[in-house]
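Alright, structures below, take your time with them.
Each of the two complexes below includes chain A, the first together with chain B, the second together with chain C.
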Partner chain A sequence: MPHDVSNRAKSATPDGLNVAVLVSIGRHPLTARTRRADQDARAVEMALTLEGASVSLLHAGQHEREHEEALRGYLGMGIDSVNLIQQRPQADVVPALADALREGAPQLVLTGTRAETHEASGVLPYLLAEALGWPIITGLAAVEKVEQGMATVLQALPRGKRRRLRIRLPAIATVDTSAPAARQSAFGPAKRGALEPLDATSEVDEALAAWQVQPARKRPKRLKIVKSSSARDRFKAAAAKADGGGGQTLSDVTPEQGAEAIFKLLKEEGVLR
Partner chain B sequence: MLDTLLPILLFSALALAAIGAVRRVRLWRQGRPSSVPVIKGLMQVPRRYLVDLHHVVERDKYISHTHVATAGGFVLAALLAIVVHGLGLDSAILAWVLLAATTSMFIGSLLVAKRRSPPPSRLSKGPWMRLPKSLMAFSIGMFVVTLPTAGILPEGVFQSGVGWFAALVLAAVIVWGLGEMFFGMTWGGPMKHAFAGALHLAFHRRPERFSDATGGEHRSTGLKALKLDDESAKLGVEKPADFTWNQLLGFDACVQCGRCEAMCPAFAAGQPLNPKKLIQDMVVGMAGGSDAHYAGSPYPGKPVGEHKGDPHGPIVAREGTTLVDAETLWSCTTCRACVEECPMMIEHVDAIVDMRRFLTLEHGNTPNKGAEVLDNLIATDNPGGFDPDSRLHWAADLNLPLMSDKKEAEVLLWLGDGVFDMRNQRTLRAFISVLRAAQVDFAVLGTEERDSGDVARRLGDEATFQSLARRNIQTLSRYRFSRIVTCDPHSFHVLKNEYGELGTPQTPADYHVQHHSTYINELVVAGRLTFKAWKGGSVTYHDPCYLGRYNGEYEAPRDVLRALGIEVKEMARSGYRSRCCGGGGGAPITDIPGKQRIPDMRMEDVRETGADLVAVGCPQCTAMLEGVVEPRAAIKDIAELVADALIIETAAEKSPQRQEAPATPRPALEVTP
Partner chain C sequence: MSDLIRRDPRREWIIRNRLHPQHQDMLAELGGGAQTSEWMGPHGVMRKNPHAVGFTGPNGIRRIDRSGAQQAAQAPGRSAETKDARQRITIDTPDFMVAVVPDMVGGRLSAHDRDLLGLARQLADADPSQPGAVLAVVFGEHKETAFDEAGIDRLLHVEGERFSGYLPELKVATLQGVEREIAPRYWLLPDSNLGGGELGRRLAARLGERPAAQVWQVETASDSPTGWRCTARGAAGRDDITRALPRVVLALAECADPVSETRHACDPVTLAQGLPDILGRIEDLGEVAVDPASVALAEAEFILSAGNGVKEWDSYHHAAEVLGATKGASRVAVDDGYMPRDRQVGATGTWVSARVYVAVGISGAIQHLQGIQSCDKVVAINLDEGCDMVKRADLAVIGDASAVLAALVKRVEQYRFEQQENRDAA
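Let's turn to the complex of A and B:
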């Protein structure tokens, strides 16, 4: 796929932008074969299109043959090496990743919103942000410019909306399917790229160990029945917002006021008691 | 004067030619190594030239006669000139033979000149336009200069008065002739084709292509496997020097006759590809320089003079332009019409796929849907990304016998990826009803089958091809069958010609593979099928490239149609000259735009025959031709035509003894007359 070179974000940082991308082992939804994870690959794609950025890939996990094949999928995008932080299978990778990021000190950390295997809770970026004390932005659609430690980015909102944000670096950003698709992974570079194993202590994930894991039951999908007479109505129904129409938009409020409003809502909804 | 001048001229031309030859050989030797039997190859040249090459040249009687007269005359004249004038052997007999040879050459050159006035668009102009004149110069010069030796003119006629002047003119003419014929042959003139061509025949990369005295089929169309296990080796061809040396030699043999161009469907459709120009670009790349001197038809839509390359520079640039644009390479449907037509036996498709391999395996730059299709093949073993477990869903009601249950069968029916396509499912159903009518013992692999790897390989993804092929070979090795039959010529070709190289001693991959038309024909000949009379309209037949040109099967489908009572109205381009439907080589996936679509042109060919129906034998052809807007001829696979005409003998009819008693009792009278 030809990649548009023109819309690369310019980085005004004198010695280039240092971007770390966290990549995981993906899994094909139909055949369950391991592969590069789609969203993580999009994150790599975004990093590669940042002009003048030096990109490093980080993976915390095991050095296994099957995993290696998936990681090579990222290498095939034109990356020389992936740093592999070795962890035991049941380990909590957050501390190890946080340590590595602290040490590597990238200005921007990119990753997919949610992994395709294991817990796939999507919480990891938040935990990392908390551990490092960095801001986090979700649904990154584009990085427009990086200047004096500030990045101007576009955030994807539902139904194709975009919101322009300015964030202070270093920051963590997650990428979902609204980001541009990843480039093709080429066999040659994938084969030649290196996996650099890094030793790190693995901390057992106590919470996970206590969990009971079983295959998910297939649940019937709820059919959305649209009773309408014309194609126009059906289109409107399909494109309509899914929410109930309630809620309120708060702008120009102090963080305390905002937090208060959220707290109140969570109480009303019975999430917090 | 001429007596002293002539040997000097001759031998200096020969010496210069020798220097040029060394330089030319060094250009070829920039390529990758490839071992060939040198002596054996050289010994084969006369046979390969006279039999195989002429077999192709002869399709155009005019140029074949012209070439025999000119080239035969020249070779003889050149040898004799060296003996008679170079070494000064004063033999009237030889001189007379020399006169005859130059006369033949002169007549040939007149024919060459006639063909070029005016030149058809497929021929190159530029230096090629002066070739007939140079041929004449050589033949006339040699003729006149030999007259005294033959005793027709008195000895010493060129030594006095007007003779001196005539001698000067003659010398000039001979210098011109020698310059073109000897010097030009190795220094890149039009005559280069003779020098490079002869060596190309000797060291051809596919020696299997050439006939031998024992007769039999000589066809070599399978792509050669790429070695993937070497960690550091670059995959595919990035620079001209990445071709093997004998490929480079092959490019250099091109005579720019444009026969390939005239046959290329992509060129005709206005896509940016011209096989002749592509070969010339490889020559430009091998020698270094720009394509500005090219004097033939350009790639449609791409003016000449904007591209340049050198032996160690990239052929396709990641950004900008170098020697060739990527879309040129991706326009090819791998139909092999060019290779079939090329009198110099140049292998265009090999070269194109070699370069595609680099683009896909090293650049990761397969255009349009290419990357998606390859990803699907990797993840789901089929190009559409369908659940591999749903391979047999279309046949839920057919109760197909599975190899995994039966373990052995007479026929292994290879279904191909058409199982995911509703149109092709109709063909498959039809073929299965034919097999059942003939009571063939067959079985399918079901969900164990994978894509054959054809598309992946033509898109340059050798890694995915080999992975699919190896796993298919593993699967096939578990079962016993005496042949594989398939409705898909692409699977047919790959299984038959390209899996063999990937077999191992434990799991050999040499199968007896047949296209369904061949197999149906066998059933018909064996009397296992009976047909109703044909009542439909007139029918034409479209030869699929991968069945016809790739595998030489032109007759079986026609025989089957004949057995159905159909008289085929042939299209102007049929048999080995069949025009591609546009569906091969991943072309519908890479989808390079042109001025018109290839299937539209093919349906136009059909329309010219006035046929109401076009019989096909390939799921790709079916899809491409059916995609042409109506009104157009109907499209039916041979299997469908056969199934429609079947007279199914029920078990009852076959075994009359088990016939049920008629409802009304018959009088005894009638039973024993």
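Let's turn to the complex of A and C:
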């Protein structure tokens, strides 16, 4: 049976599934304003659609005005509070988050794939998984069911494909843009929600000091360099038109013959299932 | 047979001398069964075949040498066979290893993988007095035949039934074994969503190395402890982070030029310890059939796109369903209200990247063609043989759209039926 990807099916989960979502401060790609991070918001959305799950949000960072605005974006999705683990700027948040998760003992941890600010290497979920000894999967598209400490989930693959996986809980799952889009953030709940600061030791990330960060340069476009010993080949390659035929044209054929040729191509390419 | 070229001065002399009675015979002998350019016709008239005269020179231009000496170049054994001019390189005792784990999309090295191998070569060959070797780790079955041309000195092919499907934990454990036994100086992985990005991050976390992700440039730097410096994209592509090159590198496509001028040994290596046995906490239950209509147009693998030439819209929609294709449309079809706006392909619509794009009754206006630039195979069904879509297409069928679609639907339904029967019989 084909599975409808866009369908936000309510999945059957036992009551009291404990889901933690790690949220970060995002930045709008054009206006550069701080906002809720897109992928993290999708992770929150995913957690909210799990029926009977208790959702808690976790952020490690500073309690600042600008950041607060972004965090309230998550609260506006219908969340009561965000646990804010206080960290110094430039801190390595992995130990603090690992401690918090160990203590909170959620069964499922959702995160975005990559942050929108700073290094944004997307390694944090893996470091947490390594520190906690939990399995991790990428590209979570839907949670189908949770029973007996195992979760059956759909994983998003490139080209809109899906793969079904069964993972042992507790587990970490990252969410990317193939997950359903996040709901709007409402102003009222965003104002009413609470940020609950938690104190934690913060370890400064020393490697950062040695790095140089500058605005992204445009990447040089790769030139088509033809390496050939003969000048004739080089000239031919340089002067060649980009596209010029090469294709096969079937004229004066019956529709059946044409259909057969197309069918053969489709089968060779493996797109017919 | 010996490759030694033996000269026969007498024969060469006969070949040069067009008036020698044995001239024709000698030429024929030299041609090695090739067409003779001159022969005596039945009526005693000399016949000539101008096409058989001359030879193709090294530049690909036809040359005629009246002296006859060059005819000899056509002889087998001496012919200017397109010999591989690439240098063969074998590194027997490398000082260090650079490990690459290619994505192997569809069982072959992708362009991204080749770029990465090019980068690995840069790292390995930087100091000729201490040559490094490039080790590629390939999981599962593959169809690649040109590993040596991509710049691989050592190939670790991890085979077995256990290596099909989604097995990130087993793969990381295997790479950990490689780390223990071979201890590469660098690990390079493609930062792609096809598995490489994930595997690289897992590996980095397991090895306790801080990786550089989204790397797009690597340069030598005397002030860096590793002698190399890399530039990576940070903050969702907004920043460039320049730092010393770490041991684990996740690089973007076009991070370096692929290898083209050398061929490498590609010696197989094996792990002494064998493959790890780990209990899987992640179980792969297989791919799920996805409704093509719900796949975003930009992501879709197979698109059936309709234009102004489609007259019977019901049969078009039916065809898309039977083929299991995602629907697309040209702007005219959208403007006329036959298709929703989000299905428009082209400059003002969606840029698609389908592997197979079937354009039904679309003329191929430049605004439309722009949107299908990155499609692999384009099939056109059109009445007009001269239109631009037919020129762009890899396969064009000239005919009425509805008739061809109906025949295609019939053919596919028959195929489905046969498959079903085979399955039932099995």
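Everything below uses one rule, namely that the second predicted complex is superposed on the first by the 204 of 273 C-alpha atoms of A that agree within 3 Å, B and C clash if a C-alpha of one lies under 4 Å from a C-alpha of the other, contacts with A are read in each partner's own complex, and residues count from 1 in each chain.
Just so we're on the same page, a residue touches a chain if its C-beta (ideal position, glycine included) is under 8 Å from a C-beta of that chain, and two chains touch if they have at least 3 such contacts.
Here the structure is a predicted model, which means the values were calculated and not measured.
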| item | value |
| --- | --- |
| A:Ile262 touches, of chain B and chain C: first, second, both or neither? | second |
| Residue contacts on chain A - larger count, chain B or chain C | C |
| Contacts of A:Arg222 with chain B and chain C, given as first, second, both or neither | second |
| Touching partner for A:Thr31 - first (chain B), second (chain C), both, neither | first |
| Partner chain(s) touched by A:Leu198 [first = chain B, second = chain C, both, neither] | neither |
| Which superposed partner A:Val253 touches (first chain B, second chain C, both, neither) | second |
| Touching partner for A:Gly188 - first (chain B), second (chain C), both, neither | first |
| Which superposed partner A:Met77 touches (first chain B, second chain C, both, neither) | first |
| Which of chain B and chain C A:Ala98 touches, first, second, both or neither | neither |
| Doubly contacted residues of chain A, that is, touched by chain B and again by chain C | 1-2, 5 |
| Complex contacts: residues of chain B adjacent to chain A | 228, 231-232, 234-235, 319, 360-368, 370-371, 374-375, 378-381, 385-388, 461-464 |
| Contact footprint of chain B on chain A as seen in their complex | 1-2, 5, 28, 30-31, 33, 35, 76-78, 183-189, 191-192 |
| Chain A to chain C touching residues, read off their complex | 1-7, 27, 29, 114-123, 126-127, 129-130, 135-139, 152, 154-155, 157-168, 171, 176, 207, 210-217, 219, 222, 225, 227, 229-233, 243-256, 258-263, 265-267, 269, 271-273 |
| For the chain C and chain A complex, residues of the former touching the latter | 58-61, 85, 166, 168-169, 193-194, 197-198, 201-202, 204-206, 210-214, 216, 232-244, 250, 254, 257, 260-261, 281-291, 294-296, 299-302, 323-325, 355-356, 358, 376-379, 381, 385, 390-400, 403-404, 406-408, 410-412, 415 |
